[in-house]
Amino acid sequence: MEAQDLQQLTFALDTFYLLVCGALVMWMAAGFSMLEAGLVRAKNTTEILTKNIALYSIACITYLAIGYKVMYPDPSPAYAADANFFFQVVFVATAMSIVSGAVAERMKLMSFLVFCVVLSAFIYPVQGLWTWGGGMIANWGFVDFAGSSIVHLTGASAALAAVILLGPRSGKYLSDGSINALPGSNMPLAALGTFILWFGWFGFNGGSQLALGSVDDANAIARAMVNTNTSAAAGTIAALLFTKLLWKKADLTMILNGALAGLVAITAQPVTPEPWQASVFGFVAGLIVVLSIIALDKLHIDDPVGAISVHGVVGIFGTLVVPITDSSASFMIQLAGVATIFGWVFACSFIIWTILKLTVGIRVTKEQEYVGLDQVDCGVEAYPEFTSQK
Amino acid sequence: MEAQDLQQLTFALDTFYLLVCGALVMWMAAGFSMLEAGLVRAKNTTEILTKNIALYSIACITYLAIGYKVMYPDPSPAYAADANFFFQVVFVATAMSIVSGAVAERMKLMSFLVFCVVLSAFIYPVQGLWTWGGGMIANWGFVDFAGSSIVHLTGASAALAAVILLGPRSGKYLSDGSINALPGSNMPLAALGTFILWFGWFGFNGGSQLALGSVDDANAIARAMVNTNTSAAAGTIAALLFTKLLWKKADLTMILNGALAGLVAITAQPVTPEPWQASVFGFVAGLIVVLSIIALDKLHIDDPVGAISVHGVVGIFGTLVVPITDSSASFMIQLAGVATIFGWVFACSFIIWTILKLTVGIRVTKEQEYVGLDQVDCGVEAYPEFTSQK
Amino acid sequence: MEAQDLQQLTFALDTFYLLVCGALVMWMAAGFSMLEAGLVRAKNTTEILTKNIALYSIACITYLAIGYKVMYPDPSPAYAADANFFFQVVFVATAMSIVSGAVAERMKLMSFLVFCVVLSAFIYPVQGLWTWGGGMIANWGFVDFAGSSIVHLTGASAALAAVILLGPRSGKYLSDGSINALPGSNMPLAALGTFILWFGWFGFNGGSQLALGSVDDANAIARAMVNTNTSAAAGTIAALLFTKLLWKKADLTMILNGALAGLVAITAQPVTPEPWQASVFGFVAGLIVVLSIIALDKLHIDDPVGAISVHGVVGIFGTLVVPITDSSASFMIQLAGVATIFGWVFACSFIIWTILKLTVGIRVTKEQEYVGLDQVDCGVEAYPEFTSQK
Amino acid sequence: MKMLVALIKPFKLEDVKQALFEIGCSGLTVTEVRGVGRQKGHTELYRGAEYQVDFLPKMKIELALPDETLERALEVVSAAAHTGNIGDGKIFVLPLEHCVRIRTGETDKDAL
Amino acid sequence: MKMLVALIKPFKLEDVKQALFEIGCSGLTVTEVRGVGRQKGHTELYRGAEYQVDFLPKMKIELALPDETLERALEVVSAAAHTGNIGDGKIFVLPLEHCVRIRTGETDKDAL
Amino acid sequence: MKMLVALIKPFKLEDVKQALFEIGCSGLTVTEVRGVGRQKGHTELYRGAEYQVDFLPKMKIELALPDETLERALEVVSAAAHTGNIGDGKIFVLPLEHCVRIRTGETDKDAL
């Protein structure tokens, strides 16, 4: 009887732990919304908020109806089955949120939401089946603890395909090839979004241990959370120092991207590194993300929030450095995993976006882009009383 | 000894679970504040923020001093008594928050706060005694797991009484009977508020199981959280599709109301429905809320944030559909419960508001309404540097 | 075997509890950021956001590398060692956040960040060693459960030293000695920040029991959370009533300070008071903070967010009232502890700030102050589309 | 031609616009301005420090019009903007020498 | 001297400024204004209630200039602000009697 | 009557207002504008892309006044707005033909 009670309690504790972590990951949806709302111009703010709450909702319902069954044909967790679903469903929403920022300020709302259905029902779950679902990539020995590649690179790959087909915002790159700044309209929202993501990430990485009720699990989770925090802090500092050296200014939006880069980088393996190693990974991630954003801009790949750099480039970096601290991983297998995930998601996404482009269209007209998506898709301004025409 | 340790651990786990959930419900106070601050005009923003933090505080102190003892004459939880109080006190604040949005932009701050004392000390606790306190309505067999009626309808009924006595904002309904839009000033705040509420609702519904330490409890909580999320997602999608069909625009504020409607609808019984059923309930709630908001506007009942529709109309809906999935509930008893709660709260509130109206007054002058409550009640503008006169 | 499993479960539960509480305290960094961003003028908003995310990051890395080892030469918690570090590291960031608000709108970003390194590596950990680390002040019998003095007074003392050396913002005190209002630019952000802090404080005080797995611990934590909430609510009400009586206006920013004062006051001992006592302490704290802010302004000590009053003056008050409810504490020892902590932190800080002032300088030029720190230190405006020149 | 410049209370804008359109004006330009005059400002309070807000929100209407419409326009603006309370505002008339419609190149009266 | 006042579409501001500087103007002042005219506004929608936004964002350029530059300035502003669509805006010319540069005390043409 | 239009540095507004009230003016209107001129703008930086902010914030004061006050007004505005640095601004004087006080219907000098 005792033993059974103890089992019940462990079951309950594990369930609760997963639910708390899942709720934190859900909260990340607010983080993406605020971050993106802060980094677009005022005239596109209502639309991006609409897009974010809609994509979260659609991802949840689609994954419930289809995606989860594709990814985990036979889940049998040692805790409440619903808790398992809950923790999984918020991850697909995260992947989709990544896309939304990269295509901001020029994509048709409804086309975006159709893509969201396909990603949640099919593209994400299939690669999820190959990895966390115990499929082929998992069998190779691929290690991606909380999803640097499985979630973040997936989102970024879909975003990259979209951005290539969509083209840059008008006015972003001038005819002489120079880059024109289109400053985000609300820095406090961008900072708030980053803090929300940082906070939510404790659920993202901390929850991915999937079990709490033993000393080893508890230690692993605690380590994951310390490393998550440390890597983010180091990424922040790296971007701060780097932009200060480069431009003599502490570029806030780059620093926010640095923090997120630190978070993405440690996500593939937050348990095995020592905290000092986590800080090194985060620091390097903070440098990479700044360089990557500059490089993509040079290539005229217009990503208003830096999502492709933060989640894609740094996601790959995070996945590839796993073997440094985790002896169970090998560099070549990590590389193979990254390549497979990127290839699959990018190819599928490219096809879907192309179909959408050729049918309903993915881009608003130049005139609509000029007046702003708020008026076009939502009919209401975000700040009707205090914006001026810019 | 072992058994006792186990009991201690269960006690500790249950306590911690209630505290975490209670903290999440407290956080909903921030959600209401931001939602309402986003949906009023800039000139009333400081006042509504003041109102929200004040009502939360007053509700907490009043319920501590009086309300809790009225509602639970003899609480004896299987976990820390303070945890029980903590989880209960944040619920009364939620009920009161609902009122605040509906009366926005025209009510006197101090009259509102006086009402808050009465609601928290008396109106809410008495119906709470009849229901969760184990009184008459509970004895009929009324089922309202987390308070679609007990909390949300209560708030909405008090709000309805207030709005009827208060009248619409000047300029809202024109002399020819047409409806004039008074757009909210800050859409990102409104969206943030909704996300906060969604996140906090996991504590609201998840915590209402009141015990965690067994497999059954854990499963129930996990189910409650999945259904809460699913219903909200479905409500969001319903409002999105509906407004898009109706007006060719994705109306963000309606979509936010749709999400909240999904949350309210599932609150009466989040445990027994299958997730697909939760998505149906949420979807219908999302449609109802849009229709209800339109209908109330036609009736010239001016509710700037849609609180009466979201918490009242949908609260009733949520309570009435419980028997579909919960065989222990009966439709007639649900109806009787709803009617009793509405009748009690509406009648009491109507009396109190009337007394306030006849004594200190509940409405600011037309001139004050024109310059805005910020200047009148708080003396400071919300955005002194960037609003323009509208 | 059973007993061992039970121990494992207790270890896991304690760890999880600490991690959840630590994450909530991390989230307070967002609260400070939003509060401060709301209370400065628009032209200094990007800079204060940058400062906040940077100081959090720097504090985390410095404490990891140095501070933690200074403060706890030999930590041996009954739960995951990393969880212990995690919970401790977020506290030092809190202390540093307090400084940032007080010196807002005129300090050089880089000088501030250098000070942050010294505080996190040395000033804070040394007094932490004397108290929580089990050193001399602890041996006297000093009681400061969650850090009214150890964290909050420490932050405020460092802030006071800075403000004295830095001088007031230009335009704040006129040549005739009168006080000029420099209104904060964004009230919703200030309110949001306060709500975040309130929510996060449940982790701050709730977590400071440091163990959960027994009935006594659970009861203590539950009491701590009820008292935290109650004291904050009472502080809010006190500031509301007081400003209403004093000026006939409900002064939102004072009310927010009142809430925070309630939180700081109860932090020294949230477990032993009855809730009604907590409400008295909170109420008095709410009065003190308003008076203190007025008094400091009269002394021309310019603290844009009221940090010195909230965290310093009220921190002392909170520490000194511990003996009223906690018989293990004595007033004289509390006083001695407060004096030692203040003396140490103020003296060290004064020296460091002086060195910085004499070398790299701590204050921007008058011209830079006029154009705003955003342009000077960050190169980008917070609200490029909607601020006007003020 | 004349350039009529009216400073009015913001909430009268719609009425004034309506009135002008009724007498045949087909265009005008509006600017948000702040005015000081005989109308007193109000006091705001921030953290205990009172401060005087002298500058009150006003709307400035600029309207180019042919000489013959001036009389009528002055009348309807005066009527529509009138509340009888201090701060109702002023109307100024300046000489206007020349006018071009950018779209068509029409000038002077044809361009109005 | 003349005071040239041009109301143009906001996104033409940079072009017009450029054009004016090319013909030797060295300063101008810009105000964000809202205009009604032949150009239709648009409808916004908030919670089911439609409302008409009549006032469209325009930029007002004010430019003081000597008589001899006027002709040229009218030309380049017209050209640079032209799209051919309704709502391109207007240029008004008012007489300017006197001008002072605050920094130096120079007056009239020297002050421009 | 004259319409005096002054473009000044924003932080000089209070001083100029004070000075004008001291010589007996009883009302004026202020607009937030942006100016280009000899004063250089500054460079901002966003995510690595530099951009030039040419338009600098200025305050425009409009003041209708009787001919006899003009001289004095020009003097005090010049003095109060003066810093000696580039960008101090300009004062323009336009002829004003007519003036109405909406509240009372008074006209011309009585209406000022």
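To keep things simple, chains are lettered A, B, C, D, E and F as they appear, and every chain counts its residues starting from 1.
By definition in this document, contacts are C-beta pairs under 8 Å (C-beta built on N, C-alpha and C of every residue); 3 or more make two chains touch, one makes a residue touch a chain.
Which chain is which protein? Per UniProt: D, E, F = P-II family nitrogen regulator.
None of the values given here were measured: they were computed from a predicted structure.
Asks: Using the contact definition given at the top, which chains are in touch with both chain B and chain C?
Replies: Both-contact set = A, D.
Asks: Can you list every chain in contact with both chain A and chain D?
Replies: Per touch definition, common to chain A and chain D: B, C, E, F.
Asks: When chain D touches chain F, do the two copies use mostly the same residue numbers, with over half shared, or different ones?
Replies: Counting shared over all numbers used gives less than one half: different.
Asks: Name the chain pair with more contacting C-beta pairs, choosing from C-F and B-E.
Replies: Higher contact count goes to B-E.
Asks: Quick one: report the Å distance separating chain A from chain E, using the average Cα coordinate of each chain.
Replies: Centre separation, chain A to chain E: 45 Å.
Asks: So the centre of each chain is just the mean of its C-alpha atoms; given that, what is the distance between chain D and chain E in Å?
Replies: The mean C-alpha positions of chain D and chain E differ by 18 Å.
Asks: Just how far, in Å, is the C-alpha centre of chain E from the one of chain C?
Replies: 51
Asks: Would you pick out the residues of chain D that each touch at least 2 other chains?
Replies: In chain D, residues 31-32, 44-46, 94-95 touch at least two other chains, as defined above.
Asks: Can you pull out the residues of chain C that are in contact with at least two other chains?
Replies: 2, 6, 9, 13, 20, 183-184, 186, 192, 247, 249, 251, 253, 379-381, 383, 386, 388, 390 - these are the residues of chain C that touch more than one other chain.
Asks: Name the touching chain pairs, please: which are they?
Replies: Chain pairs that touch: A-B, A-C, A-E, A-F, B-C, B-D, B-E, C-D, C-F, D-E, D-F, E-F.
Asks: So in the complex, the part of chain B that touches chain D is made up of which residues?
Replies: Counting only chain B, the residues touching chain D are 370-371, 375, 379-381, 388-390.
Asks: Applying the document's contact rule, which stretches of chain D touch chain C when the two form their complex?
Replies: 44-51
Asks: State the interface residues of chain C toward chain D in the complex, per the touch definition above.
Replies: Against chain D, the touching part of chain C is residues 179-184, 246-247, 249, 251, 253-254, 290, 293-294, 297, 306.
Asks: Taking the touch rule as given, give the residues of chain D at its contact with chain B in the complex, in rising order.
Replies: It comes out as residues 10-11, 32, 42-46, 57, 59.
Asks: Where on chain F does chain D make contact in their complex?
Replies: Residues of chain F touching chain D: 3, 17, 26-31, 62, 64, 94-103, 105, 111.
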